[in-house]
Each structure stands twice: as structure tokens, then as C-alpha cells.
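In this document, chain identifiers A, B, C, D and E correspond to the written order of the chains, with residue numbering beginning at 1 in each.
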Amino acid sequence: MTALSLRDVRKNFGATEIIRGVTLDIQPGERHCIIGPNGAGKTTLFNLISGRFPITSGEISLNNTRIDQQPPHLINRAGLSRSFQITSIFQRLSVFENLRCALLWSMGYRYSFWSALWRQKALNEKAEFLLEDLNLASRRDIPAGLLSYAEQRALEIGMTIAGGASVILLDEPTAGMSNTETDYAMALIRRVTQGKTLLMVEHDMKVVFDLADTITVLVYGQVIASGPPETVRSSRAVQEAYLGALEE
Amino acid sequence: MTRSGNGARWIWVFAVALALAVPWAFHNFQTGRDSGFVLSMLSQMGMMVILSLSYNMLLGQAGLFSLCHATFFGIGGYATVHFLNAAGAGSLPLPMEVIPLLSGLTGLGLALIFGYMATKQRATAFAMITMGIGELMATAALMFHSFFGGEGGVTTNRMIDHSLFGLTYASGMQVYYLILVWTLICAGSMYFLTQTPLGRMANATRDNYERAQFMGYDPRVVRFLQFSLSGLFAGVGGGLYAITYEIVTFDALAAPLSANALLMAYIGGTTVFGGPILGAVLITLLQSGVSLLSNSWLVYVGVLFISMVMFAPAGLSGLIIAHGPIAAAGRLRRLTVPYLRLVVPFLALVLGFVGLVELMSFLTIGAAQGKKLVLFGSAINIEATQPWLISVVCLLGGGAWLRWEARAFHRVWESLTADLKQRDRV
Amino acid sequence: ADTIKIAYIDPFSGPFASGGDEFLKIFKVLFDRINAKGGVLGKQLEIVPFDSKLQPAEALIALKSVTDQNIPFVMHCTGSNVGAALIDGVAKHNARNPDNRVIYLNCGALATELTNEKCDFWQFRFAGSVEMRAATRIRSLPKEITKVYLLNQDYLFGQSVQADTKKWLAALRPDIQIVGDELMPFGKVQDFSSYVTKIKASGAQSIVTGNYNRDLNLLIKAAVDDGLNIRFDTYLAHLIGGPTAIGATGEGRLTSIMEFSGNVPVDLKVPEAEKFVTDWREHHNTDFSTLNFMTMLDMLTQAITKAGGTDPLKVALALEGMQVKDFVGQDNTMRKDDHQLLMPYYAGVFTKDVKYDSEKTGFGWKTQYSASAADLTLPTTCKMKRPAS
Amino acid sequence: MILDVRDLHAFYGQSHILHGVDLTVNEGEIVSLLGRNGVGRSTLCKAIMGLVPPQGQVMYRGKDLAGLRSDLVARAGIGYVPEDRQVFPTLTVRQNLELGLKRAGKFGRWTFDDVFRLFPNLAARQNNPAGVLSGGEQQMLTMCRTLMGDPDLVLIDEPTEGLAPLLVEQVGVLLAEIASRGVAILLVEQKLTIALKISHRLYVMGHGKIVFEGTPADLAANADVRREWLEV
Amino acid sequence: MEIFVISLLNGLVYGMLLFMLASGLTLIFSMMGVLNFAHASIYMIGAYLAFQVSRVVGFFPALIIAPLLCGAIGAAIEIWGLRKVHHNGHIAELLFTFGLVFIVQRGVQMTWGMLPMPYRVPALLDFPLFQIYGANFPAYRAFMLLISGGMLLSTWLLLKKTRVGLIIQAALTHPNMVSALGHNVPMVFTTVFAGGCLLAGLAGVIGGNYQTTEPGMAEAMGPIVFVVVVFGGLGSLAGCFIASILMGMIQTFAVVIDYSVADLLRPLGLALKADNLLMEVLTVPIARIGALLPFAMMILILLFRPRGLMGTRDT
């Protein structure tokens, strides 16, 4: 049983093929990092998995159920949640409301227009708890759009994991963070994704090698290597295509 | 939070008390007669409050720019006429007080149908679909007589002789209180809706519909439900319209009323729940009040509108809210003098502008009527150069002066808010 | 009070403001004329205008304002939709406030039903109903016409015109064949060439139409451009702005049904009225055609005098059945059964061959046919409820 | 000295990105600006160009350009090659290049022929919409488009980002060619190799400030700086 | 056949008139994303100015002067108004133009009064050009076709062939980049808005005497032009052109069709009789609802193609 599995997934934008046959299996509980040069198609891959774009061909399944023809909200309900490379939060809502929104569906409120939010104790407690967890309690009532960049990223992560999905996709969660912020964010991610399946895109090699159980290298829409960090780091092809320039 | 929350509560209490008391301020205790005009205005305000609040469920809360909101208001009105006629004929055994609920359900019914179509899209495409729907319905209302009564509309008699409280609804006063109660019910329900999961997700899809999708919500369903519910309230508003005027014509669902809903919500401010109420009151005053004074009232509405968009995009309520932090810090007094300094040049500007517009319109339109131009209480000879000169001077001088004072005001404001920020940090 | 106030509700803003403004101008002159003669019961008449914005709801709000100010008379001349609302509003107000009644003086809401099914004791209509106009319209059609095309606006007035035209064609001119009968969207058609094509194909000799303003001007323009050589037998081409917009293209083939034109006193040889016309032309660019307004005010002042005050019920009773001679000496009667003014109508043709032209276009209305009040005494279906006292 | 940036600050809304940057470029010089992702190098370029409102001084040949509209900055003689390429996708390659010209038909140091000689790929595609070009070709196009405007100083932001090694070589050649025509370059780079190879001087940025300044040799010698501010 | 050919011609002329108005709107709408509700108001101003100017210097100079004046008005609106509300989003821009509609409407009434203006086709063009099935084809209509053809061509050239066109197109996707290449983007936007208003003004000059010049003319033309532009699709001049002609044709042909839905059902043996709303809907002949068809079509196309007929991006 795999948590997430991709079978020869392809994506064309017009005539150009961006994702050229990606096959990938992610085991439950695995921490899987995808690395690769800019424009390799990592974000596109996330977009395909999460249903933002339809795939051109191939197969994607979540917990052995096909999800590749489904709209994003159904995929989410099936237990997959993602974050965005470009921060994507509800700008005008307060931090607390952002988190509460992220909790709503999973706690069974659906489209309810008869239950008053302020009376939902369990919901509010959970949101407050998350707020503490994310270290955002002091910013509780500030519109999310006014948070600092790092705080927004933290909120983004918080909203992604709030719904309690079993498979989490994080797109460059630490992009634009300072070293200490990055360390903090990584600790947070480690903590909140305990026992979940994590698929993450990241450029920061320190983070990647620290966190990942498995690394996949994507170059021009193709997987050129996949395996435990040591194997990937020592792979010739990977060094040439991605790590080489850094390592001299 | 609690402090401003309490303040807000008192404002509501005050507003309700005011609404209860106002008609008596215009009551003539000697003759025992009410002011019908004032009651009509107040009643009109009541239904417009419902209309603009329900419109803001779309524009402000869900980010949906609808151009057919009057459709649901109007259909509620038409249906109510038929309900009232049936009730009057004895075939609908319902008391008057409950009938607006039926009107609302009619609005809801139609909103379910049109909402299903329109909410398929969002942004401009949504706006254009609703514009089309509005035009279709307005034209249909003129074309199909059995339900809409053509151009003459359909009439009814609200004295159906069936009331929970034994009221006849012959007098405008009784009708006004009926409207007030329903307005409070609607406003309360709409406020409640903003505090429910659906209301919150409407805000969320407004800010970022894509993210909402990745949280398990289908933004289209959110839009659809929000749209339908706003149709429900608009329908109630239309029902009250029918009860007040006892006639509904196609004007009740035509484009100008849709535009009015938009104007009221925007001018009042879409970001705060109560904003549209301010807008509804102001616009009703302008349309029914100022239009008694000047036939050029449309120009004033236009200019007010443009200046609001340019200088106060958050609307009246936005302007008020901006003072919140300063008031909370107890520094409001420091703004008194700067405000007072704005008043004189502002008045000069307004005087000049109004003067010029009225002189102009009297020169070309009014002069032919042989009416005397009465401006600010005194008759004015439009042939003389003097009034023209004064107006131009007021306009230009006031404008320049106001600009200058506005800059000074801006500096004071900036320093105040900067101060507050400083204090926040400490 | 030292003046007798008469409220006047009509559109003064928005796209239809031209009508209200023009009528107000006319009323101003007519009021001055009465006041110059000493007013009524020693009091001056004063007109108090209210903007209806051509919307029933606004008109009803204005009506509240009127009753608040205890103004006993309300005039209203534009829009049958507003007229219907006012009849209803006034009736209900009077029933609910017997101490503060008003009389609705309808000077131009024309739909026939307003003095038939919808008639009311408190409404007096001082303008010919569509039916009266239709009767005049059909009678004035020349003998040689055998094929007509009906084109009307798709709303209350237009439909009314359509129905009554057909009714009187059948009654008076069975020889005429209706080769086309059509309703067009009110104010929405930008291009009439397709209608013209249809009309041409039908072989009609005349378009009989209740269209006015834009809907008439564009129709005639399109027809003339297409070289359609046909008559335009209209109901309302003489309305303000019509002659200006139509201009030379209407010469000799445009006709209209009107209450008055500058050339009527010339034909009838009434120097006093002719002088009024020449005075008018000196100060105004538009025509004076609403003689019925003058008749209305004459009747109203006589009724007030007879009632000895402005009590609406007494004035209303005085108005019922009142007979006066109008400015050009013709008989006018306020019929008691339905409160419809029985008045003469004139059919005029647009031509250079007149003494007084219209709107300084060089063309004016030459009377071709006139129908007297007696001719236009048509049956009514009105079943009026009359107040007990 | 062609460019002298002094105490430059910049913000995105509430977030303070540049915290007082000082930096100079001499006539005809190639200067590299290094640093990790997100330290604010691109923001510096944008602030110089006036695409982000700058606070501080941007002296260009003795004139302060800070706060000017970006088209005026460009007309003063600074060219800008953004990191995200920003080709105009619906326009053809040739039209893209034409837009680089400040006035129609007014060529300076660079002509269509030059460009097409240097990059035969572009010549072959000159009538294709730029949107269909490969990433590498788009990068070439962006640089050439800026050069058509005949700047005396170009700010080039990560020209080798996401390019295959072969193309990276070609970029090196182009940079040399640019410098040989007397144009000064401020090169923002992540890849040390190319920067060390071609630049005359280097700056390293960290947390919105300049944390190191020196020659390539200085940097090569200073392992601390490399470890702390550059390597992963 | 006869009716068909003539209707075709009529539809073409009307379509071209629509296109004259729509071209300016589509320029503004698709370039700047501004839903300019005041477009028809500028059209009206154009007609009035043309009337005023032509009284002094004659029609043909007015044909040039009036649109230029409208362009100047447009530029002023952009510089002192629109530009300032731009950062508040499209709704603010739209509401701004909404306010303008009121002001222009009353402003025109205050300046020229309420009545139609005697603005007529110049004598030089007031003759039938040729006859078809006995119907005249007036020279002025040919002149209109010529002008609108010219507008199509010049808008197309402007967009495709000149650098202004290139800059506008480029600024749509990457305004900052265009600016960094040394082009003054705000000025380009002013130019576009002014250009759109100029086209509206030109349409006013032509439409003002083809139809009538009166204070209601803006309101009459406003909605239908929006329909054309949205139906055609944002950013597509070709779409706008096709939509104009299509709408012209639809409305023209609808008038000629006297059938209703009930007529279609009758041969199927479904004789309907009742006096209710549904019956009324079914028995309305197409000719009566001609004016509604464009709106219905717009709704339909947006439901299934939110970018319109040939739009390059979502509306």
C-alpha cells in the first residue's frame, strides 16, 4: 500500500511537455523531498497531484484510489493537503480566522449556515491550539495580509496541516526565510507532520538532507534519481545536473 | 476587542432607539397626524437597508459583483402583491406579519435558479451574467402581463384584515413599525450568517478562492449558497416594498435599483457589516430628499460617488473605523482643530460647486420655467455676473485652500498614527 | 394660507426629464395668466413641483409629501404606470384619511383603462384617452388609404394604442386592411431598417403608430433613408422635440393627433388665442399644444369658486359634469360617469403651408380634420364607487 | 564611477527587505553580487530600477535616480534583465527585441545583426512568438532585448538560473562581449564558478546588507564568508 | 429572398455601428481591464460636440475635431481620476465610471437642454447611393461602413503594427518590464484610454446624425455595447468585430421572424391554450424579444466559455 503513487504522469502546456512521465511511489509516513533546478516542473507536479491542473496522461492515486480526474476540493477531502510556493492565505481575514477556516471542513461543518462559530467550542479550541503551536498567538487578530513574510509562511504551513490530511505537500516552505526562521520552521514541520506522509519541494540542501527519508531529483520534467539521501548525493548524474555547480 | 465590541453594541442600541423614535419627532401632536412623507422615507430606508445589506453579502462578503440584485427584490415585491391579493380574497389565511417571509422565499426560489447559472463563473464573467439576467428579467416584466401586470404593474390592498396583533395597517406608522421589525430580523439574521461557517468561507473564497478549494470547499457551492441566501433577504425587502406602496412595477426589478444597491453598499462601506446601512440611509435621503431641492441631484450623487471612490474607497464606515485606534487611545481631541480647519474651505468648495451647477442648470433648463433660483435661502439673479463670479471663486479658492489644509491634516494624522504604532511596539 | 397650492408630480431628472420640464414651463405661464386676472377667490395659485423620476414608488413618496403639506390637488401628466399608481394611491389615501383628501388631476396619463376599469372618483382626466385619439386617428385617415401597418411600443401605452386602433379600424373603416401589426421593444431598438424592410414588403400605404420620441424619430429616419414613400399617421409626433428631430423628412406625410396647434386659432378665427400663440412663440423655442391644460385649470378654478373653497370633495362634486368652452370656443365636458374630459381633437399634417411653424423648423401642423367633443363621446365601462357624503 | 548606491532601503509592504546597501560599479567593470536565496539581491536591482520604491541614494554618473519612474531610470542609461525573464509571450522574438529600442529604429552599440550573430537560435526563431521559446532561449532573448536599448550599465539578475551547462557557457561569452563594448555589468549570481571567473569585483549580501566586498581572489581565500553566507 | 438580402445589409450596417462603439470600449476594456460604463456617455458627448462644432465649421472638420476633443476629455479622466483609483481594483474603477455617467447625463442636459438637437446628415452625403430590390441604400450608410471599416483597420494597425500597439500588448502581461525598458507605461495607458474615448467620440459624430442626438442616447446604447465586447471576448479585436456583426444580424433578423415557440409546437399537435405566465412566454413572437436575444446569448456564452467568443483571457 502506497500513500501516493504516480504512474507515468505527463503534462503538456500547449505543445511543450513540462512533466515527461514521472513515476513515483511514496510510502505512508515517508518524508519525501523533491529537488531540481528551477523550472524543472516541481511546482507543476504539485499542481497535478493536488488537482489544480488536469494531467495530460498517466495515473495518480492517493491511498490506492485514483484522484487524477478529481477537482481539488474532493482530493482534499480524500486526505491530501498542500501548501503554495507563493504564499496563499486569506489576506483580509485574521490569523485566527485563517486557521479556523482551514479546520472547518475536516470538523464536519461543511456549508453550515445555522451554526454560530463562536459557540463551537471544540473548533475554537483547536484553532487556538494551532495558533500557539505556530507561535502566532500574539498575532491572533491581525489580518493575515499584514503579517511578516516568515509569519505568513508559518501560517501557510499551519493551514496546510490543520485539516488533518494524511498526505501533506509542501512547496518550498522555507523559501525566503532566514537561517533561524528556517530552523524554526523545520522543527515545526517535523512536529506537525508526525506520523503523516510528507512530500516537499525544497532548494535548501541542508534542510533536505536533514529531513528527507527519500529524495527525488527532477530535471526537465523527468526523475533522474530517487533514493535515500546518501545515494542521491553521490549520484553522478545528480551532481552534474543539480548539485555539481555547488560542490565544485 | 471587548472595548470596541461594547462600543459597537451601544451604537446598535442607539440606532434601534433612534429608528423607533424618529417618526414621533415629526408627529404633529396638535392634529394627531403623522408625517406621511417622513414615514415613507423611513420605510423606504428600511427596505433599502435590507437591500443593501443583502447586496453586501455578495459584494463585501463574498467578493461577488452582482448587477441583478434588484431582480430578487422585485420578484419578492410582485409575489407579495399576489399573496396580499390572495390573502385579501381570503384564499391565503396568513396574517400580514408573516407575509414578508413568503416574499423572501420567492426571492430565494428565483435566486436558486439564477444563482445556479451565475455562480458557475466568478469575477467579470459573473458580473456580466448577472447584468444579462437583470436585463432579461426587467424586459420580461414588461412583456408578461399575467404575473407582472405590464407597465402599470400590479396593485394590491394591504388592509387584508388579518393580523397577529389586530392591526389594520391603514396608517403609515403601523407599516413603518412592521418594516422596522422585519429590518431588524433581517439585519440580525444577516449578521448571524457572517458568523457561521458558510459566511466565513464566503470571506475566504473572496480573498482566495483557490486556497479554499484546497481546504475541501467547493467555492462554487459557497458562492451559490451565499447568492441564494442574499436573494432570500432581498425578497423580504421587496415584500416590504409591496406592502408600503401597495403597487409594484417593473422599476422594482430594473437596473437602476440594482445599481442603487451597489451604490449604497459601496458608499456605506463594504468592509464592515453595518456599512451598507449608512449607505442606504444616505442615498435614500439624497434621492428622496435632495431631489426635492434640486433637479440636478444626479450630478451630486455622481460627484459624491466619484469623490468617495477616489478619496475614501473604504466608504463611510471605513472613514469612521479609521478613527478607531485614535479614539481608543483617547487622542481624538487632537484631531478637532485640524477637522475644524477643513470645514470652512470644504464648505466654500461645496458652495462654489453647487452654485455653479445650479446656475448652469437654471441658465439652460430652469430659466425657461421662469422659476426664480433660490440658493441657500435667497433668490439669485442668474443674469448678473456676481453670483457666477462668487461661485467660481469659491470653487477654485475653496479647492486650493482645501488641498492645502488637507495636506496639513494629513501630516497631523500621520504623526498621530505613527505615534500609536510606536506605543504599540513598546 | 394666502395661496392655493397645486402639486405637480412628473419627472424632472433622468432621461425623461424633458417632458416634466416642458410641462412645468407651460403651467408657469398658465398659472401666471390666471393669477394676473386676480386668481381664485381672491387667492393666487401656486404650483409646487415634485420629481417622480418616472417611478411609481417615487411618485407615491412625493404624494405623501403632498398630503403632509395639506395640498388638496395633485397634477400629473407623464406615464400611465405612474398614473395607475397615483389613482390607487390617492384612492387609498382618501379612504384612510377622510380629513386630508386630495384630487388627482390627470393631465396626460393616457391609457384608456384609467377611466374605464381603473376609474376612480378622485381622478379626473383632462386629456383624451387613447381610445378618443384612436377614433380621431381613424376618422382622419384619407379615403384612398386601404392598407396600413401598425407598429407600436411594447408597453402599456403602445398596447393600448394597438388595441384601440384596431377596434376603430374595424368599426369605422372596414375597407382598410391591416397588413402588419407589430409590437417593438420600448426604447430598445437602435436600428429600424429591418422594420422598414418588413413594412415595405407588406405594401402598406401608411404606418399607424403610437411611437414617440426616439422610437418615432428613428423609425421615420430609417424609412426615409430607405426611400420608403409612405405616410406616417402617428399619435404623438407633435410632442416636444419631435418636429425638430424629424425635420424636413416628414413633410406632407407626417400626421399627428393633437389637442391644439398654433394654427387652430387661425382656422377657427379666434384672435385672442392667436395672440396667445404669438406671445408664446416670442419667449419659447417649443410649441404650445396642450390646450387641455388650460381647460383643466379653467375648470378647476370654476369648481373652486363654485365650491367656495378647496375642500376636495366639494370641488370634485363641482367638477362632475362641468361644461366649459375652451380657449378656441369649443365645448368641453367633464363626464360624470368616468371623469373623462370630453374634448375636441385635431388631426394635423406636417407642412410648410402654415402660418405658424413648429419648433422653428419651418414646418408646422396644418389641421386636416377635427373631431368635436360630441364626436368623441364614447361609451365607458367605468363603475365608479362614489363617497357616501 | 558609473553607479554609486548609498544606504539603500526597500520594503515590500510591511516587510523590510534592504537594510542599507552600499555598493559601487565603475565604468566598464563587471561586478558580481552574491548571496543566498532571498537575501534581497533581486530587490536591490528592482530598487535601483525604481520598480520597488527605494529609500536612499542611487547615484548614476553623479545624478540621483532614487525615486524616479523606472522608464526614466532606463532612459538615463541603465538596463535591467530580470530573473524571471519576462519575455512578452504573445509578441514575436523580433518584436520583443524592437521593444528594447528606446525609439523606433534607433540602434546603438547593438543591432539585430549582432544579436542574431551571437545567438543563431534566435535568428532562426525571430518570427515565432516568444512564449514558445525554451527557457534558455528566453533568457538569451531577455538579455538581448535589454541590450538593444543601448545601456551603459546593465543589471543582470541570475542569467544562468535553470540553464543547461552548455548555455551557461554561452552566457559567459555574452557577458564578456558586453564588457568588451564598454558596458558596465552588475551581475547577480548564485553560481560561484561563473562569477569568480569573469568578475572584477564581488559583493556578498546577507540579510539585506552587504557583508563582504573584494576581488574574486579575496573571496576564494576567505572560506569563512563562503561558508557563512554562500554555501549550503 | 428579398427580405433576406436587405436584412443582411441592414444587419451589416447596424453591426458596424455597434462595432464603432465597441471598438473603443474593447480597446479600454481589454487593454486596461477597465469596465468603462461611461463609454456610451463619451459617445453622447461626441455627438453633441459634433453638432456644436459642425454648426461653426461644418461636418467634415467636426468629424476630426469632435473626436479629438473626446480624446482630450478621456485623457483628463484617466490622468486625474482613473489613475488614482486604479490601485483600489477594478470595482473601484468601474464605480468611478459609473459616477461619470450621472454627471455626463445631467451635464449634457445642463449644457444643451433636454430636447433633441437638429444634428443632420451633411447634404453632401444625403442621397441614395444605389437601389436594391427597390429600397434605397443611402450614401451616409456607405460612409458609415467606410468609417467603421477604417476604425477596424486603424485599431488593428495600432495594435499589431505600431510600437504603441506592441507596448500596450507587452504592458498587459509585464507592465514593469516594459517600463524598465524605458517606456512610459502610465502615459501609454492614458493614450489607450484617450484613444478609446476618441473612438467613442468618432462613433458619436457618425451615430449622432444617423440616429438622434438627445440626452437619452447614452442610456440607449450602453448595455448592448457591453454585451458585444463581452460576447466577443476580451483582448480580441476580431472577436469584437464578429460579435458586433453577429449582434447586428441577430437583432435585424429577429424582427423579421414572426414565429413563437408555440408556433413551433403547434405542428406537433400540441395546441396550447391558457392564460398563464408560461403560455405568455411560449406565445411571444421572436420579433418582440429581439432586443433580449443579445443578453440571452451573452449569458449562454459566458456560462460555457467565460472568455467569450474569441477572448484571449478570462473576463
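Methods note: a residue touches a chain if its C-beta (ideal position, glycine included) is under 8 Å from a C-beta of that chain, and two chains touch if they have at least 3 such contacts.
Everything numeric in this text was worked out from a predicted model, so none of it was measured.
Enquirer: Along the graph of touching chains, what's the shortest path length in steps from chain A to chain B?
Expert: The fewest steps needed to get from chain A to chain B is 1.
Enquirer: Taking contact as defined at the start, I'd like the list of chains shared as neighbours by chain C and chain D.
Expert: E
Enquirer: If you take the mean of the Cα atoms for each chain, which one ends up farthest from chain D?
Expert: The most remote chain is C.
Enquirer: So what's the Cα centroid distance for chain B and chain C, whole Å?
Expert: 36
Enquirer: Which integer distance in Å separates the CA centroid of chain B from that of chain E?
Expert: Computed from C-alpha means, the inter-chain centre distance equals 31 Å.
Enquirer: So what's the Cα centroid distance for chain D and chain E, whole Å?
Expert: Inter-chain centre distance comes to 45 Å.
Enquirer: State, to the nearest whole Å, the distance from the C-alpha centre of chain A to the C-alpha centre of chain C.
Expert: Centre-to-centre distance between chain A and chain C: 74 Å.
Enquirer: Would you pick out the residues of chain B that each touch at least 2 other chains?
Expert: In chain B, 139, 143, 296, 298, 365 touch at least two other chains.
Enquirer: Mind pulling the residue numbers of chain C that touch at least two other chains?
Expert: 13-14, 17, 21, 154, 185, 188
Enquirer: Run through the chains and report each pair that touches.
Expert: The set of touching chain pairs is A-B, A-D, B-C, B-E, C-E, D-E.
Enquirer: Using the touch definition from the top, list the residues of chain D that touch chain E in their complex.
Expert: Going by the criterion above, the answer is residues 49, 51, 69-71, 73-75, 80, 82, 86, 88-91, 95, 98-100, 102, 104, 145-146, 149.
Enquirer: Which bits of chain A are touching chain B when the two form their complex?
Expert: 50, 52, 71-73, 76-77, 81-82, 84, 88-93, 97, 100-102, 104-106, 109-118, 141, 159, 163
Enquirer: Under the touch definition given earlier, write down the residues of chain E that touch chain D in their complex.
Expert: Where chain E meets chain D, its residues are 163, 166-167, 169-170, 173-174, 176-186, 312.
Enquirer: Would you tell me which residues of chain B are touching chain C in their complex?
Expert: Listed in rising order, the residues of chain B that touch chain C are 33, 35-41, 44, 139, 142-143, 150-153, 155, 157, 170-172, 241, 245-247, 249, 251-252, 287-288, 291-292, 295-298, 365, 368-371.
Enquirer: Spell out the part of chain E that touches chain C in their complex, as residue ranges.
Expert: Contact set of chain E toward chain C: 2-3, 6-7, 10-11, 13-14, 17-18, 105-106, 109, 114-118, 120, 128, 131, 134-136, 138, 140-141, 210-212, 214-217, 219-221, 224, 248, 251-253, 255-256, 287-292.
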